[in-house]
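Order as written gives the chain letters A, B, C and D; numbering starts at 1 within each chain.
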Amino acid sequence: MAHHPDHNVEVMTDCHDICLQTVSYCLDKGGDHARTEHVILLLDCAEICQTAANFMLRNSELHARVCAVCAEVCDRCAEDCEKFAAGDDMMQQCAQTCRRCAEACREMSQHTGRLRHASAA
Amino acid sequence: MAHHPDHNVEVMTDCHDICLQTVSYCLDKGGDHARTEHVILLLDCAEICQTAANFMLRNSELHARVCAVCAEVCDRCAEDCEKFAAGDDMMQQCAQTCRRCAEACREMSQHTGRLRHASAA
Amino acid sequence: MAHHPDHNVEVMTDCHDICLQTVSYCLDKGGDHARTEHVILLLDCAEICQTAANFMLRNSELHARVCAVCAEVCDRCAEDCEKFAAGDDMMQQCAQTCRRCAEACREMSQHTGRLRHASAA
Amino acid sequence: MAHHPDHNVEVMTDCHDICLQTVSYCLDKGGDHARTEHVILLLDCAEICQTAANFMLRNSELHARVCAVCAEVCDRCAEDCEKFAAGDDMMQQCAQTCRRCAEACREMSQHTGRLRHASAA
């Protein structure tokens, strides 16, 4: 089932938001939560989601390629969060949001050209 | 009436999103819509909203100062959009969203310290 | 010949910088310089260069994939700028910088894993 | 002594770059280096430097206000890094770069209007 592009932008924004919030959460927790690769992956995921959303919002012809990479980063981030997800609501929610975003991005990666047509002047 | 920080992040994200969409809209329209100062102001507003939202999401102690500047940029952008707002739904909606964001940012600029406390480990 | 990662970050930053400057330049010029697809492509290129550079600076394992997409966007932006390059120093310089960045990004897209090893504690 | 705007953009970029690199460094180190407030401050500083540089590169009328906030964040980040600077080259270099950027930003915060004039069409 195909979603409206605006719905997918929202999913990417949700993923960006929870990844940034999870950075603070993981640093507060310390231990394995705060190991370098995990925190960096959360930052990577937040940034590529933001970039992909911005390509969509600008109605860029090249959004599909960025969304394809975003899907990969989201999947990797979800995998990493799932390791901590047992009994940890925040990590569980972050993992689920990343999975949903990976799906939305894969859907958008099939699109070609601009998302909207120019408005009549 | 004070709003929850998460509500205000959403308002900033809405403002960021509509400003970026309005860039494409204004370039498509051409003429006065596409004059340099106007398009640059939309890009400025989109970026500072994103930055302010990110400071909030990171639960940064310094979010209040960034929100104060964001309020100023949003007001300037709203003013500029209002010039085109008569009979132009897109510009009207952009102007209103910028005004709402300016308010949310002024509210956040009164906060001090971190927005949330560290979660218990 | 392989370049040092830091050199390639610099090339990406140069490309980001000139693309953003060229946005203002093209809006000032008007006409074909300011048509939607061209300005959006400059914004796309600036943003993906920034994102790719940030992945490199964070020493992210996933930088190679982002660099691969960045190379594509840079090539597209260079192509578009080259159409205006005859007798236009700014567009010529922007096109050349995009080509150089596309090369640096293709080089980085071959790397795997983190760029640097963790410092000894 | 006043510097050329382009010089100041470079100083802001240097500060952004070293702050992001220092995030990975501090996470690798662990302990006090990786405490939440410190890492978040490095992320704040990197982002506001990038935003301020982008306002300058877009030749935005509102760059002065963003630079003023950037100066504050840089000073706070420098202060925090200086606590770790004894015998730690990375933190020392980061602190110095933040101080230099705070100065450049204060200088830019005195400017008004656009930095460059529109090129003749």
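Criterion: a contact is a pair of C-beta atoms (placed from the backbone, for glycine too) under 8 Å apart; a residue touches a chain by one contact, two chains touch by 3 or more.
What you see is a predicted model; the values in this text were computed from it and never measured.
Trainee: Per the definition at the top, count C-beta pairs in contact and tell me whether B-D or A-D has more.
Mentor: By number of C-beta pairs in contact, B-D is the larger.
Trainee: At what distance in angstrom does the C-alpha mean of chain D lie from that of chain C?
Mentor: Once rounded, the distance between the two centres reads 21 Å.
Trainee: Could you tell me the distance, in whole angstrom, between the mean C-alpha positions of chain B and chain D?
Mentor: Using C-alpha averages as centres, the distance is 22 Å.
Trainee: Taking the mean of the CA coordinates per chain, how far is chain A from chain D in Å?
Mentor: One centre to the other, that is 27 Å.
Trainee: For chain D, give me the residues that contact two or more of the other chains.
Mentor: Within chain D, the residues that touch at least two other chains are 23-24, 28, 30, 36, 40, 43, 54, 58-59, 118.
Trainee: Once you've mapped the touching chain pairs, tell me: line, ring, star, complete or other?
Mentor: complete
Trainee: Tell me, which parts of chain A touch chain B in their complex?
Mentor: Of all residues in chain A, those touching chain B are 9, 13, 17, 20-21, 23-25, 28-30, 50, 53-54, 57-59, 90, 116, 118-119, 121.
Trainee: Would you mind writing out the residues of chain B in touch with chain D in their complex?
Mentor: So the residues of chain B touching chain D come out as 36-37, 40-41, 43-44, 47-48, 51, 54-55, 58-62, 65-66, 68-69, 72-73, 76, 118.
Trainee: Using the touch definition up top, name the residues of chain A that touch chain D in the complex.
Mentor: Residues 23-24, 27-28, 30, 34-36, 39-40, 43.
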